[in-house]
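Read from first to last, the chains carry the letters A, B, C and D; within each, the first residue is number 1.
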C-alpha cells in the first residue's frame, strides 16, 4: 500500500468519479466540484504563463508593437462587464469570428475537399476502387437537400447511408479498444500504485 | 453603426485570411502568424470573463444557500487554492504546489473521467446494437467484427476475422468518412462564406 | 420470456460491474496470449532493429497522463530496444507533460536488472531535452539547429556540457526519429518536417483512435512503421521479447471485448425472442 | 539447389571442405581489401549538373540547390558518405559550408540567405577525401506574391463563392426552394413542448470549440431558434459554456431571441454561464447538471471530442430526449448510438438554415448541392481519366505547400 499522501488523494478522487457509475452521490459531487474549481484556475494560470507572458508581454518588450492590438482586442472583450460600452466587445468578437471563418474556409477547402477528392480519383481497375467511387458518390447523394429522396436518387441515398452505417459500426468497434485501455490504466493505478497488490 | 462596424470587421478579417493563403510572401506569413497569436491572446484575456462568470454562479449559490451550495463552496475553494499556488508559490515548476495539485488531483480525475468511457461504450453498445432493421444490423455487424478482430483472442476464435476487420476499416469505413468529410467541407465552406459576407449574422444577436 | 424481457431492460450497472471484472480479474490471473504483430508494428521493429550501434535517435513524446496507458508501454519498449542495441537516445516532447512521462518511462526501464547493469549514463547514453512550445515550428527550427532550439536540457544544463550532444547540429546528425503521440501537435508535424523536409527516416506510435488517420503515411512510406494503441505496444514487446504492460494488459483487453460482444449477442437474442412473443 | 549435398553421407566430406572454403574466402577478401585501399584515397567523382535557384512559391530568404549524385554514390565504387553544400557571395570568394546531407540525397534548401543578394554555390561529395562540383551562380532569393501551386484552390473558391451568391440572390427574389426534412429539426417543437409539459429545463451544449470554429457559429444560430421556441413556451433553458467568448455571444443570442418572442423579462443571464475550459471537467459538470436538474431535452450541437459519449450516455440514463449534431466525424458513431436524433456532418450545417426558413439562408443549401453535384462529376471523370492513365487531370488536384 502506498505511503505517498498524493497517491491517496488521487485514489480517493478516482473512486469518487467511478462512484458516479452507481449513481450521482456526494462523493462524486465533491470530486466534480474540486475538478471544476481546480481546472478553471489551472487554465487561468497556464494562460498567464504560457500565452500572456511570452506571446503578449514578451513580444511587446521586443518592440513588436502590433501585438498591442491583440491586447486592445482583449481589453475590449472585457468591456462587456461595463454595460455602457459593452457593445464595443462586439468588435473583438467580430475579429475572432471573421478571421476564424476565413482561416477555416481555407483549411477545410484544402484538407476536407481538395485532398479527399484527390484521394478518390482512382482508376476503376479493382473492386476496392470501384467500391470507393460508388461509396463516395452515394454518400454524397445522401447529403442532397434540395431534392426529394425518391426514385434513383432515393435508391442511391439509401446505399449511401448503408456505407455510413458500416463506417459508424467499424469506428465504434475500433474505439472500444482505446477506451478499455484507459480503464485498464486506471485499474492498474488503483491496484498497483495505491494498494500495491499487483507487481 | 453598432452593427455595421462589426460586420465590416468580420468581412475584412475573413477576406484577408483567405487571400493570405495564396500569397507566400513574408508579409502574408507574418499576418497569418500574427492573427493566430492574437486569437490566442484574446482567448487568454476572456478567461477572466469565464472565471468571473463561474465565480458569480457559485457565490450566488452559496449566498442564497441554494441546494448543493456546499459543493459550490468546494469549487470556489479549489479555484482560489489553485490560483494562489500558481501565482505566488513558484509557478508551474514540477515540484511546486501548483503542479503537485495538478498531478495528484486534476490528472487522476481527468484520467478517470476519460476511463468512464469504457463503461459507457459498453452500455451504449448493449442498448443500441440490436438488429431492429437492415441499417441497424449493418451497424451491429461492423462493430462486432472490428471489436473482435482487433484483439489477439479474435484470431483464436476465428482467424479470418482479422482480415475482414481490417478490410472493413480500410474500405467501407474510409469511403463513408470521405463522403461525410466532403459534405462537412461544403457545409462549412458555405457557412463560413455566409458569415464573411454578412448573410449569417445571428451571432451578433437576433436574426434581424 | 420473463428472463428475456428482463435482459432487454437490463440495469446498466450490471454491465458496468462485468466490464470492471473483465478488466480487473485478468490483471491478477494473467494468461498467455500469442501475439500476431501487424505489418505496421513489424515495420517499426525492423526499422529500429536495422539501426547500427552508436547511432543517435530522437524519441519524442506527445502525450499526457490521460493517454499514458496506451503510449507509455510503447515508450518503454522503444527505450529498451534502443538501449539493448547500443543506440544513443535524445528524448524530447512537444506536449508539456511528455518529457516528464518520458522520465518516468526511463525510471521504469532502469528498474529492470538487465538495464540497471548496463550502467547507462545521463548525458552520454541518453538525454532529455524537455518540452518546447510551438509544435511544428519547433521541428522546423530543429532542422536548422538543434542546439539553438534547445539551448539547455530539461534540467537546465547547457547543452554543450552534454557529451552526447557534441557534434549534433541538426537532423543531418540524427539517424532516426521515433514519435509517440496522442494527438496534435504530433506525428503529422514530424512527418511533414523531419521526414519530408529534412529526410530523416522515422516511425511512430499513437493511440488506437488516431491510428486510422496515420495509416496513409505507412502506404506512402513516410513512416517505416506504426504502433497503434495497446495492441501495437503489445506487438512491440512481443517482437523485442521483453515483458511490459502492453502484453500484460492484453488479456484484460481481450476479455473486455468478449464480454461486450457477448452482451450484444444476448441482447439480440432477447430482442428476437420478445418480438416473436409479442407477434403472437 | 541440390539439397542432397547436405545429407548425412556427405557430412564428413563437408567437415573437411568447409574450413578450407572459409580460408580461401578470407584470403580473397583480405586480398581485395589490400588491393582496394590505395584506390580508396582517390576522391569520389564530383556531383554534376548542379542548379541553384530561388525556391519557388515561398516567403523568400530561401534558395534551392539540386544536383546529380556523384557516380560513386550508390553505384561505382559506392564510397560517398554525404554531401556538403558550400556558399559564397562572390564567384572566386571564400566558400563556406552551409549545410550537409547524407548520401543518396540530391537536394538542399539554404534558408540562411538574404533576399536580393548574389550567391554562388558548390556541392562537395565526401569520403575520406572529397571533390567539388563546379561553381554555379549568381542566384538571388526573393519572396513571391502568388503561389502558383494553389491555382486549383483559387478556381474552386471563385466558383463556389459565385454559386453561393447566385443562389442567395435568386432566393431573395422569391424563388421557391425545397429542402428535404432533416431528422432532428422537425422534433425541436415537440422536444421543447415536452419539456414545458414536464416542467423541466432544456439543456443546450454548444460544443467544445472556440468562436473561431464555424461549427460553433452554426450551433449558435440553432440556439437562437431554439431559445425563441423556449421563450414562447415559457420553459427554462440552460446553457453551460466551455469557452468564455462563446458564452458572451450565447448570452446575446438568447437575450435577443427572448426579445423577438416578446418576453424579454423572462430572460435570465445566470442560466448561460461558464462551466470549464477543461474537457473532462466540463463533461463532469454537465453530467451533474443533467442528473440534478433532470433536463427533459438535451441538445448537443457543435464540435465534440471524446467526451461526446460521456454526455450522451448520462443523458440517456437521465431519460432525456436527445438531439445531437456535429461535424466531428469521429464522434458521430457515439451520438448515433445514444441520441434520439443525430444530424450527420453536413446535415448539421444545413439545419440552421432549415430551421430559420429564411430564403437567403436556404439559398446557400442549394449552392452546396451544386457543389456536391460538381464533385460527383469530377470523381466520375477522374475515375475514367485515371483508368486511361491520363494523370495530368488528376495531378491538377495536388495542392502545393
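In this text, a residue touches a chain if its C-beta (ideal position, glycine included) is under 8 Å from a C-beta of that chain, and two chains touch if they have at least 3 such contacts.
Since we're looking at a predicted model, the values are computed, not measured.
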| item | value |
| --- | --- |
| C-D or A-C, whichever has more C-beta pairs in contact | A-C |
| Gap in Å, rounded to a whole number, between the CA centres of chain C and chain A | 21 |
| Whole-Å gap separating chain A and chain D, where each centre is the average of the chain's CA atoms | 14 |
| Inter-centroid spacing, chain C versus chain B (mean Cα positions, whole Å) | 23 |
| Multi-partner residues of chain C (at least 2 other chains) | 12, 16, 19-20, 23, 66, 68, 208-209, 212, 231, 253, 256-257, 260 |
| Shared-contact residues (touching 2 or more other chains) in chain B | 18, 21, 39, 42-43, 46-51, 54, 68, 103, 106-111, 113-114, 116-119, 121, 123, 125, 127, 129, 139-140, 143-144, 147, 150-151, 169, 173-174, 177, 180-184, 186, 188-189, 191-193, 195, 203-204 |
| Chain A, residues touching no fewer than two other chains | 17, 20-21, 29, 31-32, 35-36, 39-40, 42-43, 77, 80, 93, 96-97, 99-101, 103-106, 109, 113, 117, 120, 136-137, 140, 143, 164, 168-169, 171-172, 174-177, 180, 182-183, 185-186 |
| Topology of the chain contact graph, where touching chains are joined (line, ring, star, complete, other) | complete |
| Interfacial residue positions of chain D with respect to chain B in the complex | 57-61, 143-147, 150, 153-154, 157, 160-161, 164-165, 168, 210-212, 214-215, 217-218, 220-221, 224, 241, 243-245, 247-249, 252-253, 255-257, 259-260, 270, 273-281, 283-284, 292, 306-307, 309-310, 312-314, 316, 327, 329, 332, 334, 336-338, 344-346, 348-350, 352, 356, 358, 360-361, 364-365, 367-368, 371-372, 375 |
| Chain B to chain C touching residues, read off their complex | 94, 103, 107-108, 110-111, 114, 118-119, 121-123, 125-127, 129-132, 140, 143-144, 147-148, 150-156, 162, 169-170, 173-174 |
| Complex contacts: residues of chain C adjacent to chain B | 10, 12, 15-16, 19-20, 23, 33-36, 64-66, 68, 100, 208, 212, 215, 231, 234, 250, 253-261, 263-264, 267-268, 271-272 |
| Complex contact set, residues of chain C against chain A | 13, 16, 19-20, 23-24, 27-28, 66-70, 133, 207-209, 212, 229-231, 245, 249, 252-253, 256-257, 260 |
| Contacting residues of chain B [partner chain D, same complex] | 18, 21-29, 39, 42-43, 46-51, 53-54, 56-57, 60, 68, 106, 109-110, 113-114, 116-117, 120-121, 123-125, 127-129, 139, 177, 180-184, 186-195, 197, 199-200, 202-208 |
